Amino acid sequence: MTTRTFERRIRLGMVGGGQGGFIGGVHRFAARLDDRYELVAGALSSNSERAAASARDLGIKEDRTYTDFADMAAREAARPDGIEAVAIVTPNHLHFGPAKAFLEAGIHVICDKPVTTTLAQAKELAEIIEKSGKLFVLTHNYTGYPMIRQMREMIAAGEIGKLRHIQAEYAQDWLTEAVETRGAKGAEWRTDPARSGAGGAIGDIGTHAFNLAAFVTGEVPDRLYADLTSFVPGRTLDDSANILLRYKSGAKGMLWASQIAVGNENALSLRVYGDKGGLEWHHEAINQLWFTPYGEPKRLITRNGAGAGHAANRVSRIPSGHPEGYLEGFANIYSEAAEAILAAREGRTPSPDVVYPGITDGIAGLAFIEAAVQSSKNSSWMQLDC
Amino acid sequence: MTTRTFERRIRLGMVGGGQGGFIGGVHRFAARLDDRYELVAGALSSNSERAAASARDLGIKEDRTYTDFADMAAREAARPDGIEAVAIVTPNHLHFGPAKAFLEAGIHVICDKPVTTTLAQAKELAEIIEKSGKLFVLTHNYTGYPMIRQMREMIAAGEIGKLRHIQAEYAQDWLTEAVETRGAKGAEWRTDPARSGAGGAIGDIGTHAFNLAAFVTGEVPDRLYADLTSFVPGRTLDDSANILLRYKSGAKGMLWASQIAVGNENALSLRVYGDKGGLEWHHEAINQLWFTPYGEPKRLITRNGAGAGHAANRVSRIPSGHPEGYLEGFANIYSEAAEAILAAREGRTPSPDVVYPGITDGIAGLAFIEAAVQSSKNSSWMQLDC
Amino acid sequence: MTTRTFERRIRLGMVGGGQGGFIGGVHRFAARLDDRYELVAGALSSNSERAAASARDLGIKEDRTYTDFADMAAREAARPDGIEAVAIVTPNHLHFGPAKAFLEAGIHVICDKPVTTTLAQAKELAEIIEKSGKLFVLTHNYTGYPMIRQMREMIAAGEIGKLRHIQAEYAQDWLTEAVETRGAKGAEWRTDPARSGAGGAIGDIGTHAFNLAAFVTGEVPDRLYADLTSFVPGRTLDDSANILLRYKSGAKGMLWASQIAVGNENALSLRVYGDKGGLEWHHEAINQLWFTPYGEPKRLITRNGAGAGHAANRVSRIPSGHPEGYLEGFANIYSEAAEAILAAREGRTPSPDVVYPGITDGIAGLAFIEAAVQSSKNSSWMQLDC
Amino acid sequence: MTTRTFERRIRLGMVGGGQGGFIGGVHRFAARLDDRYELVAGALSSNSERAAASARDLGIKEDRTYTDFADMAAREAARPDGIEAVAIVTPNHLHFGPAKAFLEAGIHVICDKPVTTTLAQAKELAEIIEKSGKLFVLTHNYTGYPMIRQMREMIAAGEIGKLRHIQAEYAQDWLTEAVETRGAKGAEWRTDPARSGAGGAIGDIGTHAFNLAAFVTGEVPDRLYADLTSFVPGRTLDDSANILLRYKSGAKGMLWASQIAVGNENALSLRVYGDKGGLEWHHEAINQLWFTPYGEPKRLITRNGAGAGHAANRVSRIPSGHPEGYLEGFANIYSEAAEAILAAREGRTPSPDVVYPGITDGIAGLAFIEAAVQSSKNSSWMQLDC
């Protein structure tokens, strides 16, 4: 378990995340857990009444409650006690605008994924980030899990040898029926191309599996072959995606993302095989990692337990056997971001241990979505343009 | 998932929990997670230098940094913005004094378990609490887990019928060797009767298993038969406890608490059988509960998923399939306490849904420890004096 | 548990399966378990010394010990007490010849899979079978497992609704290194196109996963897209196969077969999702089947336990909770064959409950292998020619 | 995988095991699996019609079909081709008589457990065995499992160090209700003291757990403290047993045997902890053994897989990852017995590898039952008289 000291909390704003949503609350839990942030401003909703009520709930003062993100960016930038960073937790199509506005106002951005709805826009954002000199953190939260960090460290250290095969899955079942027609808010925008972009399941959860595979292996596939399906009648976007992956290194992979796989609540898993060993991780048992050195018994590495290394232990809070969960992993991204923001504030380089997803991951994610959609349409292998 | 609104945070103080400890940090995480508290004062260590440094780390102001709990109680009680509640996170022998001081100063108390080192003292404290009219919350944190709440609700609703057998276990392995002689701070006081009381493993973890069994079944055994052992040479207190339980209702049970069971990190588990069904829960899979109605297939009830009811869902934060962990369960106790404190502040009765362990549980825990120690010494069944 | 009565044992011969092999012994265990067969003749090896020694080990008399299958077929057919059925357990390229010889001699055939090394040959064999009027049983042994039968029965009964997605896997790790160059007999012929046919991992294990998916769903995919790889340097045939499946019904699937996935001993698994439910089965827990009706808790159906139906129970021998294994499943195929052989002997139709894989499955398997090899070569979807 | 050669099968008779029973069939599967026995004679039932029908089913000739075991012993002993061994598979109270008769007739005995209904009788039988010079094999079948052999080998080799704590469980739920009053044959005699002896659950399944603990550790507890219960109204014998164990070596243990634990089909498990490591085995996953060397990651040892040693591998038939089950374990006892019988026939000592339970285990089992019953009655620790 690591302990962290801090000088003072980072002043944080939030765009989106008003009453009734899910992910906004998650970001707030994540920001709060390690006490590295103070939420002081917000444009929590474009509906002024809802924005005000939501802000009141969160203890945000009236004069820092906004209904318009551009207004918020301008006014916060002008305050001596203005926010240093903003969390953008709106639906996908409303990421780019706020991100641009805050970056250009000189404010660091923490943004939900996928970064934008198109690859072109993601690349445009990359330039804006570059120019702004500000930090951009993409909350591919699963990269914050200690056992995922452990996997990454072990693969980088050669413990499974040369990479051969990756089996990535993300299965859910909450879109098994047409719940988007029955008032399920989260389902509405996720199944709407105008708000989600070209990807349904591949955008919402496939990108997580894709990102995780890249994070732990250090490799992004250069080509993919996809077969996307919308099983639920009337649904435009894919709700199940079957994808083959090829890597420049010669490694291959399969990626399955589905939101109609009955019996799967949130079954993200990653299995990686090299010529010397294999690693297996399942979201249902996030505090455990299975490692098999070829020809030896499988070993159970546990969070903060025997076999766990530096990369995992530095993002663990409590002793082994005491389960950490989803919020803790999400909080790790926020705390990594806090390290980077403090370093920026103080004009120093953060420790090389500090790792978080950024615009490069965002671009890769969009390249993945667009290649998958094209491949499925054309029945051909597609290059990932990233 | 429930969302919670609040008027303003509860002003919290802390006794104990300075740099280097474990449980103080856990209490702070727990207090912070749902944003119901603000830590504004502390007597974090009796060493003034360490107290000051620890307070600085936590953003506690200098004028509210204390080295003496009595002083803190008096001065905080005198402030108009004084703390409303205090968290006591010292070793066991230092619970009673601070608890008494703060209660008598009119401040609510949240106290780590076991409540005191002797049953007599626990009963004395009960009177002090009674007299004070203040709230006393004992952090038997495992009662905060949604699936434990689910178990309790189902048993109360008769879903497993008349109770027959309880199998409670809490196995760890961190005291397999004499680590207390090699500088392991947490091990030092836990193996020292002067600081821990009469119970070793039964006090430290056995009481958790005991409390959990009582919490879910609504029954406290009236007799027990114990065989305690100190396996590690030189250790005075038990490091492994084998206990038989008998209930007035005719139910029976077994309780095993061990800190020398190699391969068990923190293996708390509870299996409860009635004449109509069985329920099984394991800490390693805290978001899952197994329910078997007699003669039917076993069913997997998941946190916030299908089969989960009101009692579990109201203490869940995120959707099913997104693991919650130890800190979330601990935070539930803090948030239940917050509900009760706010109700007290506003002169109303909290919702009957609000549930947290208190002095009754503390007395039962000490009665359990003392009966176990006596039984093991005398080789006879002992009544629990609670 | 079903009990079976029989008039007398079926006289069985065996081709292949001499000392040192694996699968011959398995067939003998399977034939013996339910006491439905008596092994009385064999051409166990083409090496006469090894043939004789192997026969002696098995209690086969000298005058019924052969070195040539054609000779055996002729002479056994001529005996009044000649064999009624022959088990062919040679490497793949030696299935067709013996099968033809025995069928044409009027002897039923039980043959290891894949049925032949080419699709053309499999189709030719189908005609020979047809003409012979004899039974042909293909030992896709996994179809013998009670929980696989259960899955099939439930899908046929509509318990998961309309089929949507199939996730089939068969992962092993014994070919992670070039063991075929180091004297591993089983690896030698399996990695040799001359003896195995065009498929490596897809032929050896992929066909099992393919067959199982077809068996439980009652559907054979009409198209597939494959990406086959030989990861181990110097190996000609695939040792890992990534395959996408499409069904006429609109269902889709993924099939992964790999013999280089370190940490997987024999990880066959099948997950099937419909619009009303999901079913999951893993070889490691062969006596268990997970069933989730949409929106309800997952249920654990166990062999001979609550929730198991007629199709599963009639092929179970012992009570629930007493694990049956691989040999029991294999034996079920033999016992189903025995039912069919006895019925044939007595000129009656066997009960419709009796189910075993035959030449249709064999043809589908070869069509699968050839389509996969072609698809991988051409980078295009291929029809299955069956 | 070991292969076994044999000269010829052992001529076996059976007492009990007629149509409708369970355990007789299991013994026959076990005898048949490795082809070491030929069942040629039987007194399968005392009802002559049922005896005849049962024998016909099994291919036993009419002149070797008996209704009286004494008659059978005498006549088989007199035949030149008489049986060499007899399997006794009657209810408990009918073990002693046949065992005595066959031993005195010079025929080896394979007997179901518990060996007799009283300790005195078990000791008397020991003398009869001694005098007869014949082999006596007690089918504590669980000792035949490869992973149990592995556990035993590892403990003997000191891999977990000095023994400290044993946690043994055997939980079932089939006696949750009074099924013995509703025609469940197996339940009738098992709940009847006249036919079962003094123990209910402790006799039927507790002895298995007890025997297994002794088998793997090489230690029999010298004292126990028991709390037995008959939960089901009207039942005389215990259906749930809570037991504390103490060993001369200083080790301790807990043993729970219950037949009313809803949701447990046949949950036998054994966890053993020493000062250097821990071992855990569960019947539900019989092909797996968990080993934790203190301070290192838990390791998964699999049947015939990495980490498995000679003792386990010699009783394995098929490769790792191919599950073996209950019948295979039972068959291992029969095949060990066959090794011993052949050695006896040939006047040589069997290999020291050959291990099977015998009368010593039977006496210990009865001592366990009687001590438990006494302890529970007297509320005192009881010595085991063995």
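In order of appearance the chains are A, B, C and D, and numbering begins at 1 in each one.
Just so we're on the same page, a residue touches a chain if its C-beta (ideal position, glycine included) is under 8 Å from a C-beta of that chain, and two chains touch if they have at least 3 such contacts.
If you're wondering where the values come from, they're calculated on a predicted model, not measured in any experiment.
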Using the touch definition from the top, list the chains contacting both subunit B and subunit D. A, C
Looking at Cα centroids only, farthest away from subunit C lies chain B
Taking the mean of the CA coordinates per chain, how far is subunit A from subunit D in Å? 55
With chain centres taken as the means of their Cα atoms, state the distance from subunit A to subunit C in Å. 43
Nearest whole angstrom, what separates the Cα centre of subunit C from the Cα centre of subunit D? 34
What are the residues of subunit C that contact at least two other chains? 264, 291, 298, 302, 305
Can you list the residues on subunit C that touch subunit B in the complex? 291, 295-302, 305-307
As the complex stands, subunit A meets subunit C at residues 160, 164-165, 167, 173, 176-177, 225, 227, 229, 231, 240, 242, 244, 246, 252-254, 256, 258, 260-264, 271, 273-280, 290-294, 298, 379-381
Residues on subunit C engaged by subunit D in the complex (per definition of touch): 1, 3, 5-6, 8-9, 19, 22, 25-26, 28-29, 32-33, 35, 57-59, 172, 264-267, 283-287, 302, 305, 317-328
